[in-house]
Amino acid sequence: MPTPTDDVMRTADGTPLKISLQRALVRSRLRALLLVLPLLAFVLVFFLFPIGHMLFRSVDNRIVGSVLPRTAVAIQDWDPDRAKLPDEAVFEALVRDIQAAFKDRTLGRVGRRLNYEKPGMSSLFRKSGRGAARITGAPYRDRMIAIDKRWGDSSTWRLIHRESGALTSAYFLAAADLKLSERGAIVRQPEPRRIYLTLFYRTLWMSGLITVLCLLLGYPVSYLLATLPLRISNLLMILVLLPFWTSLLVRTTAWIALLQTEGVLNDIMVFAGLLSEDGRLQMIHNKFGTVVAMVHILLPFMILPLYSVMKTIPPSLMRAARSLGATPFTAFVRVYMPNTVAGVGAGCIMVFILSIGYYITPALVGGRTGTFISNFIALHVGETLNWGLAAALGALLLGLVLALYLIYDRIVGVDNMKLG
Amino acid sequence: MKRVWSSLAMVAALALAAGSAQAQNLNVVSWGGAYTASQQQAYHDPYMAANPGVKIVNHDLGSGALAKLRAEVESGKVTLDLIDMTAADAIIACDEGLVEPIEPDTWLAAAPDGTPASKDFFAGTLTVGGTNCFIPQIVYSTTFGYRTDAFKGKQPSSLLDVFDLKAFPGKRALEKRPNNNMEWALIADGVPAKDVYKMLSTDEGVARAFAKLDTIKDQVIWWTKGAQPPQLLADGEVVIASAYNGRLFSAIVEKKQPIAIVWDWQAFDLDGWVVPKGGKNLAAVKKYVRFATDTQRLADQAKYISYGPARHSSAGLVGKHAKLGVDMKPHMPTSPENSKTVLISDYVWWADHQAELNDKFNAWLAK
Amino acid sequence: MPLPIYASPLERAWHYTYRVICAVIFVFLIGPIFVIIPLSFNELPYFTFTPEMLSLDPAGYSTKWYREFFTEASWQDAVWNSLVIAVFATLISTVLGTLAALGLSRSEMPFKTAFMALLISPMIVPLIISATGMYFFYALIGISSTHLGVILAHAALGTPFVLITVTATLAGFDHSLPQVAATLGANPVQTFFKVTMPLILPGVVSGALFAFITSFDEVVVVLFVGSVEQRTIPWKMFSGIREEIRPTILAVATLLVCVSILLLTTLELLRRRGERLRGVRAS
């Protein structure tokens, strides 16, 4: 190897130092990445991908195209504004599709799917399945209309035309109490069917209330803990940490025991003569029960960040304000409180985020008026089988949570998050 | 320590061979509680005694069974072998091709006198809603129970009394879904039973049903699980509750609670088996189903719970309660005394209107 | 916050009112948890104090709900399932979380914040969304209704806690120490186990405890991903509350409170040890 003659600094093997350092940096970056990689892969495969996969159902509309493949293609040539009904070829495709789907026993899927958009489609397809099995030749249109006159109704065909694509906006619209009209315009659901906006509003409103209550209860306690001598505050901290570490089902159970009509609080009030035996208060299975139990469950999430911020505020600050002539109240409001804003922000967003996604406690004590959007997602997944709608509601909820998460990241920074 | 190792082995085995359940295990889904117990005693135990190689594992998924079934069939990895469902769910499952079609006379045992199964099961129950996947076991009903110590003098005796807060004040418990409640509201409002579904197909009919329900809305606690209403009655949280008649029977006769039944306009329903499509143990399932739905077994189940067997030939064999020695016939929803006025759900109508009415019902509840 | 000697009467009055308010809030926090303890010894199957209990009549008390818990096979299975699932889930999340924290705390780590935000997401995403996502996807890959499925799901939920606590420990970690060890001739494995590990151990253990309790308390995911063979304690409690509410649930709740006291104590001891080791003065 010829001796280098320029004045570049080199390592022992002759590589320029700059390049060598760069290589070292790349290597150590790779090492750092390599350490993160297993967790990243794990979270991607077993957490993030499943969620994405589920949320895709909110726009996935492959049912019509897969059960009625010929019809979905043939109907593309039909212009609903020019001809009332599609032509004979589309009817023939429909008959063949229905016959095949009836044999495969998949016809009910398309009936159910379209029934979400237009009640009655379910029975139309069931009836047509049996009827079409007997059709052997033309005229297909007249024979289908003979089976059920709704095949001669352009609204049925407009619906199939609209929902024959691979993607749909119908679930997101439904999640916002909207729908597509027969002619494809976005309109509100009829009044008696509007429910999800109310639920989102209720979820947000109650979460806001819970957050405010947590702040009102958490602030004085955190202040006390931050200003008491360490020996005492450590002891009192146990009173905050024990609930934090106690199963939320245990705490929900406790509130049921306390609040139910034949429960501890009602018994005490009846015993004390505050209530009559018949006048027992309904404190659970409604908003009140949900709010009380959730404030109890989420309060530690408010106290802990508040406490850790207040801990860093030197006591001399308040004394200085006092010595400069501020009343205790002014000193507290104008000097102390502004210093706690970061803690207030962190605590509030944390409580709010946890609250809007809550499922268990509202499910157990929510009753008629205290249930959250999460409970409806569970209902649509587990019982009504409207998975597209569940996914759309989930996507909206997740969007909300992520927006708040970003704000949290701005205020606190996710890498500064602390526990206990 | 042995447990630790066996558990480790179990985890490892599940990891390696997920889905390929051992041949002798049959995963049977049912409702849990007293109902599964009655099936255990009447069907599972005698079957396992006669077939030592088979182990029946009970999964109580209740009304979540249909969703689980659909998720499994969609993924192509079916672990459930046999599911106990209401007729309404079975119709959906059959329509969507999630369950196997059945041939009654080859799958099911004939009556002792040789009557083929297709004639021996109650008319129309094997083809409920025009489907051919459902094997009915029992006729049950959702009816009303009330606390006998809640009212002085006159006791509730009709559907009208449920809506009569003046004569019968106190909290009610109703199921948190539109089914039955909407029909009852209209009947209580004077609509003839035969016109109920025609009425509910219109916006005015739905509004009328809600208007009737509005009269008691403040006094209603809504239940979601069959075990809740008897519990609410027993705890005194409510004075009248709609409930499955078998659960009421158990509260009254077995637990001796001060509860009585109003049979007026009891809502009949069917419950039975469906066989998931793509299950791995089809032959074993068929063998089990043939046994579990024969005349004697269906009659035996009525020894443990007051649901009526769905076969004509079983009716005569219904005897006394296995432990209490109570004659079971008067507690059956199907007994002539109890079934003077009966609400029969129109499954096909509900398949069309369930989603719409769920929304309307939930919107009404939220108000 | 001692009351200064120059405080006015109004300040004094406020000072004591304030303490009373705080006391009430503390009672609100802790009271419900302790109310269930005596209730769990109720002789009758009610969730309230009977007259016999209030008059401290021994006949009003009974340990039968505890007996029921310790003898009923389904509760015993639930305890076993809870432990197996929580232990394995904790193992997975602790190993993966600690490794990732070591990587993320290196100054050379690129896109640190983005990775952190992604990896903490299991803690932020509403459980019902995680649970339904897993419900469908785990069925698709054939691990729904298995212990493995629930373990993996819980491990995913537990990793953010390990990540956060270990990262926090590493923040006070002197990164020259491993380098010193290396220059003194230790290989990377030795350095990790002899130098790094002992120092971050308190963070790892408290992260593991968080992961453990996350799994041990979790009910939404197990309801969706699991089946009856994975029935855990929270599952039993949830269905018990929804269906037939019996004081056995209170007995279980009391036992779980004891478990949390135990965990809390462990955590506190660890915190102190950690501060001692890292030379942080108890602040």
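Which chain is which? They are A, B and C, in the order written, and residues in each are numbered from 1.
Keep in mind that, in the parts below, a contact is a pair of C-beta atoms (placed from the backbone, for glycine too) under 8 Å apart; a residue touches a chain by one contact, two chains touch by 3 or more.
Note that this is a predicted model, so its numbers are computed, not measured.
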Chain centroid nearest the full-protein CA centroid: A
Of A-B and A-C, whichever chain pair has more C-beta contact pairs: A-C
Inter-chain centre distance, chain B versus chain C - centres from mean C-alpha coordinates, in Å: 39
Chain centre separation in whole Å, for chain B relative to chain A (CA means): 32
Inter-chain centre distance, chain A versus chain C - centres from mean C-alpha coordinates, in Å: 23
Chain A residues counted as touching two or more neighbouring chains: 260, 262, 381-382
Residues within chain C bordering two or more other chains: 46, 135-136, 140, 242, 245
Sequence positions of chain B contacting 2 or more other chains: 235
Chain B residues within the chain C interface of the complex: 3, 7, 10-11, 14-15, 18-19, 32-33, 57-61, 71-72, 74-75, 77, 79, 224-225, 227-228, 231, 235
Of chain B, residues touching chain A in the complex: 63-64, 66-67, 70, 92, 94-97, 101, 130, 176, 203, 206-207, 210, 220-222, 235-237, 348-349, 351-356, 358-360, 362-366
Complex contacts: residues of chain A adjacent to chain B: 104-109, 111-112, 115-116, 119-123, 126, 130, 189-190, 192-195, 198-199, 202, 260-262, 285, 367-369, 376, 381-386
Parts of chain C lying in touch with chain A, wherever the complex brings them together: 1, 11, 14, 18-19, 21-22, 25-26, 28-30, 32-33, 35-36, 39, 46-49, 92, 96-97, 99-100, 102-104, 106, 108-110, 112-113, 115-122, 124-130, 132-138, 140, 152-153, 155-156, 159, 161, 163-165, 167-168, 206, 210, 213, 216-217, 219-220, 224, 234, 237-238, 241-242, 245, 249-250, 253, 256-257, 260-261, 263-264, 267, 282-283
Residues of chain C that touch chain B when the two form their complex: 46, 80, 84, 88, 135-136, 139-148, 151, 227-229, 242-245
